[in-house]
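My structure is below; once you've seen it, I'll send some questions.
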Amino acid sequence: MTFRSGRHFLQIPGPTNVPDRVLRAIDRPTLDHRGPDFAQLTKEILPGLQRVFNTKGPVIVYPSSGTGAWEAALVNTLSPGDQVLMCETGHFATLWREMAERLGLSVEFIAGDWRHGADPAAIEARLTADKEHRISAVAVVHNETSTGVTSRIAEIRTALDRARHPALLLVDTISSLACMDYRHDEWGVDVTVCGSQKGLMLPPGLGFNAVSKKALARNGSRRSYWDWKPILQSNETGYYPYTPATNLLYGLREALAMLFEEGLEAVFVRHARHAEATRRAVRAWGLELLCADEREFSSSLTAILAPDADRIRQIALQRFDLSLGAGLGKLSNRVFRIGHLGWFNDVMLCGTLAGVEMALGRKGGVAAAMEWLAKGG
Amino acid sequence: MTFRSGRHFLQIPGPTNVPDRVLRAIDRPTLDHRGPDFAQLTKEILPGLQRVFNTKGPVIVYPSSGTGAWEAALVNTLSPGDQVLMCETGHFATLWREMAERLGLSVEFIAGDWRHGADPAAIEARLTADKEHRISAVAVVHNETSTGVTSRIAEIRTALDRARHPALLLVDTISSLACMDYRHDEWGVDVTVCGSQKGLMLPPGLGFNAVSKKALARNGSRRSYWDWKPILQSNETGYYPYTPATNLLYGLREALAMLFEEGLEAVFVRHARHAEATRRAVRAWGLELLCADEREFSSSLTAILAPDADRIRQIALQRFDLSLGAGLGKLSNRVFRIGHLGWFNDVMLCGTLAGVEMALGRKGGVAAAMEWLAKGG
Amino acid sequence: MTFRSGRHFLQIPGPTNVPDRVLRAIDRPTLDHRGPDFAQLTKEILPGLQRVFNTKGPVIVYPSSGTGAWEAALVNTLSPGDQVLMCETGHFATLWREMAERLGLSVEFIAGDWRHGADPAAIEARLTADKEHRISAVAVVHNETSTGVTSRIAEIRTALDRARHPALLLVDTISSLACMDYRHDEWGVDVTVCGSQKGLMLPPGLGFNAVSKKALARNGSRRSYWDWKPILQSNETGYYPYTPATNLLYGLREALAMLFEEGLEAVFVRHARHAEATRRAVRAWGLELLCADEREFSSSLTAILAPDADRIRQIALQRFDLSLGAGLGKLSNRVFRIGHLGWFNDVMLCGTLAGVEMALGRKGGVAAAMEWLAKGG
Amino acid sequence: MTFRSGRHFLQIPGPTNVPDRVLRAIDRPTLDHRGPDFAQLTKEILPGLQRVFNTKGPVIVYPSSGTGAWEAALVNTLSPGDQVLMCETGHFATLWREMAERLGLSVEFIAGDWRHGADPAAIEARLTADKEHRISAVAVVHNETSTGVTSRIAEIRTALDRARHPALLLVDTISSLACMDYRHDEWGVDVTVCGSQKGLMLPPGLGFNAVSKKALARNGSRRSYWDWKPILQSNETGYYPYTPATNLLYGLREALAMLFEEGLEAVFVRHARHAEATRRAVRAWGLELLCADEREFSSSLTAILAPDADRIRQIALQRFDLSLGAGLGKLSNRVFRIGHLGWFNDVMLCGTLAGVEMALGRKGGVAAAMEWLAKGG
């Protein structure tokens, strides 16, 4: 492999650049997961997670990917044969649907064009029509990592309420948590799904479920590893029913500390600002955003329609050591995605956009972004 | 918390002391799990794992604890209602049984006294009696982490063969792999279960399944995260169907390199030597080993019967910053366990035994161990 | 202090960004500096250094700053009262002169305007006039870190040769070594002075002297710590006469490995390319380069004339977390300096220039740089 | 090289085992040594050092070894031809004397047998005889790293006072500071010399001078790098006159924090306790301590007379991966030295003594040490 001098720019929409502080926290001797120091660690982490999910209820941490946390949300609340309403917002919504079907759930998938978020009106209509309340849950992706389009969870909550429907609301925040405002309790979400490797600035390896009382009361499917109850019981004294991923938890403690030092509100403003700068660059390049509705712009990533998108990504990687996200599923080679989430700042963004601009062979994008950033946009 | 100078001695039977080389390997920037460097990483790791499991078949890596790898072994091969023969070798065999039952399997549990391994004759008798081959699998723990007793897997294989029974053989090697000789292929094991945090010298967070063709051909239960097939398919090109725990995989690459630098045979000899030294110390202290059959001594850990065992552990931790393993389940407060597995050497063992000896207020153990070690035992 | 998300851009002309590989190499347990592993380390490092200095002679490593290596060069070769010819190329040449005077040397300082390198013709003239060979040494800074102007060492060598003058030639390469072509032997340099924290990509803490036979034969001043001879004697068996800075030496081994993986020639091309891109940015901003002679452009850094330069630096630091070099000495507040040396790449450069452009409130610089970089300039 | 599993035991009398916390602190991106964050670092470190040296006066930090700090003490206070009174306490006192002579000082060396500290009565007699106050300084090693014998500095201070002699008192605390009680101000020491790699728990690379007003008022020799004055001047605003060893300073901040968390008094008690345990082991082995006067026992290290001592060290290293200190100078192959200083605890000591006991082929030492340690000795 050719030697590459300097820092790799990991600007896929996750995993994100892990801060040195977090890497160094992980790089500590493993401890006894049944000893008093571990209990102390748990007691620092869990309240921090509640603050990030905006919930007073429990947050469960799994040694798993975000995909595992998806499965946990489904198997703790739903049984084979249960009906779930899902929305085709993009590739990850499609994968979550496939998982649900493999787990024996009966999924109704509201079609989408991968350029819009889940439609609150369509959800409300469908739930209103479900007089017998056969639909057990509505499952939505807050921020579609494949499209850079968000779904308006608060409005979806309102849709459920107006339909007076008792379905659970399950939300995937894998690429939105700690990037954009999110309110598990206020929005009446029953299970919020997340992973460690995006806004939480950790390497991959941890999955999360924030859980409402209503969700906890459900029986769900046969399960063991994913079962919330023994975990919650062990968590009470600071432990886990099986060996937790201790070193990643060291990193999580540090990452939470960093988020609170910056302030969650400041974190959200920073992400929004970089997203806007990126969109201005895209327009200056004469390219089209995939996201079709400005109310649904993502602060975490921007997906850009571009002919021969994979070739652009390849040039960016080979010539500029810059990793961009590929178009996934039906967007393959039609879009590329810029991640601007996690541990990031203005000059990292400018470097990123410069790499894209050079790979594209276009002009004016970085200049447009700088204009926005410089005026404190 | 009181300040503790010097290095903590983590001598529980896992998680084990993670080598600095491995911690430093983990402490690297996360990379794109869909990029070419990641594929390269996979292609270095998987053959190394095959060598450690002694198999030409595939080894699957999960972002999970070892418990997750237990579940994966069961759900990929067995369906609710299927019969499984398990053996009560100790606390972890009991937990695995409980998991199997929660997953809807029908478990027949051959009783044991927690001082012996699984009985090959009993297994043979039970399988021979099962004329209709209702038993779908035999599941055994190779090295009971709760007791320091091994089960003789080669003899259990022979038991299955002599009973001409088609049941799958599932083996948990969580605390034996890379500590003691283990032969997935030669012993005709169908699924070998392991985790990262013991002989593999990593922090917890990875689970493993080595899989036979026979196991692969089974249908198993509804599953998604644990499903071997999409993982094997993605692995072919060096990837995973969901975000893998990249930084732990960096560590795994380094740990495998270390095992091969030392040589697996030398690793096994080292573990056996430290185990024998420990047993000599135990006898010199006038205490009793939990393991009742010398053919079943564990090289990974030693469990020791001692009145008020938890108080001994507490003294060891508080006065000497030495973590020992507790008695689990029905052995609670009746035994303590010394882990002598993973990244370890003679002087670390002597320090460990010295801490135990001082906590016990007994004499002669370290001297007995040193005598053995000094003569190149 | 305000929390700053994302990576700090350390674009002063040294210390430079230390690669993660080097930091991780330093982050290893300290070893016995009198044991066999240490001798092995020395034997890997010294030949690597010879390759970087382009010499077959010895290279001495001090636990010191680059300033210490300056002193070592002087006290090993010159005695109080000796005459030295130095050239006023900028702030560091001036500091070196002050050091020489404090050490009792009689310095003749050829005046300069801080915009040109040392003048070979002036040196030749002065040496030719020195019929009695009272001048013991000529000391020149290869790359003036305060001005971004290089001196043409090969031409200065020729000047000495044409004057048939036996003076030693002492050269400071603190900010040029491993950035620009440098040839200790071929250019007949007697002592080359360097430090760890610039092109060698290490934290500060090591100083270097590459030494000719002629220099070794000199008596020099009273000295102990800096004395080459006991070091050379100890080095023969792989050791040092006093405790060396072991962990920085681990880092040095890794840094040398990285330089050779990239290839020194490729390293020089990379630096030259980034320097040219930076100069194009400067011109696009409508600003003036401090370096007045294009033959003397530095590949390591660019100094830029700008009114109220300190305020620009302050904005860059506070708003964009970008450290730039200050104007030093008589250039205070009149220039700022951009370091583009060490572990660096195109997108890091674009991010850096973007930060400068926004701090300046000017336009077009990044675009000009990208144009140059994109065409593979 | 043979692969060695487990942790190396670095039990030479320095460099010592560097705590993970300190290594990880060093493993951080280098910062701008002229920026505001660096000034903050300096302002945290310098008061911490004053606390450790027990002085209200300045402490100077050099990028150097301890040998450099020796030279700094001499050249800042003494000029060629000045008379210094030194005491032959061992190898390092002899080396310091040689340095003084190379620097042109006239050294009177009170002979010693390398088994006793400096003799306060002999110093008093010599100073009393020096009616004309020709002796400019008395230089003593507080803890002779080559012998494990301390000199009683408070009594030497009294000797100077009783002789009413104005000589400066220079003290080397390289292997005693932060191990044993030391009082720069109270004992009227004029320059205290130290290095980073022993009680301060850092890798080698920093040298220290704590300086009295009287010392500051001296003119000293020609010097530049070692000159206190420009450093003190720069330190006022938090900076250094040349590039400081930033990453080691990060480590120093962390090491100081650790010392204060433990409490300096507790640090001294711990060292004394481990030294006594070691001496008990030595007696149980039937070997002789080099230190002949129990008032002068070192808490940092123990030197042991043993025939063929180098062979014992070789066995310890090759078979047990344990580094011991060699006999130096005239003690070569006649003693070996055990370091029990720095980041250390009871079980590390027991492991160390076990390695020595096995290498010696003797018995009873570890048992004797454990008896002392277990009763809270």
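We just call them A, B, C and D in the order they show up, numbering each chain from 1.
What we mean here is this: a contact is a pair of C-beta atoms (placed from the backbone, for glycine too) under 8 Å apart; a residue touches a chain by one contact, two chains touch by 3 or more.
It should be emphasised that the depicted structure is a prediction, and the values quoted were computed from it without experimental measurement.
K.L.:
Could you quickly compare A-C and B-C and let me know which has more C-beta contacts?
P.N.:
Most C-beta pairs in contact, of the two: A-C.
K.L.:
Among the chains here, which has the CA centroid at the largest distance from subunit A's centroid?
P.N.:
D
K.L.:
Quick check: how many Å separate the C-alpha centres of subunit C and subunit D?
P.N.:
Chain centres of subunit C and subunit D, defined by C-alpha means, are spaced 34 Å apart.
K.L.:
Could you grab the centroid distance between subunit B and subunit C? Build each centroid from C-alpha atoms only and quote it in angstrom.
P.N.:
54
K.L.:
With chain centres taken as the means of their Cα atoms, state the distance from subunit A to subunit C in Å.
P.N.:
Computed from C-alpha means, the inter-chain centre distance equals 46 Å.
K.L.:
Could you list the positions in subunit A whose residues touch two or more of the other chains?
P.N.:
Correct list: 7, 17, 24, 27-29.
K.L.:
Where on subunit B does subunit A make contact in their complex?
P.N.:
Per the touch definition, subunit B meets subunit A at residues 1, 7-8, 10, 12, 14-18, 23-24, 26-37, 40, 62-68, 71, 80, 99, 102-104, 195, 197, 203-205, 221-225, 227, 241-248, 317, 323, 326.
K.L.:
Would you mind writing out the residues of subunit A in touch with subunit C in their complex?
P.N.:
Going through subunit A, the ones touching subunit C are 3-7, 9, 17, 27, 258, 261-263, 266-267, 270, 319-322, 343-348, 350-352, 354-355, 357-358, 361, 363-364, 366-367, 370, 373-374.
K.L.:
Contact residues on subunit D for subunit A in the complex?
P.N.:
Where subunit D meets subunit A, its residues are 20, 24, 27-29.
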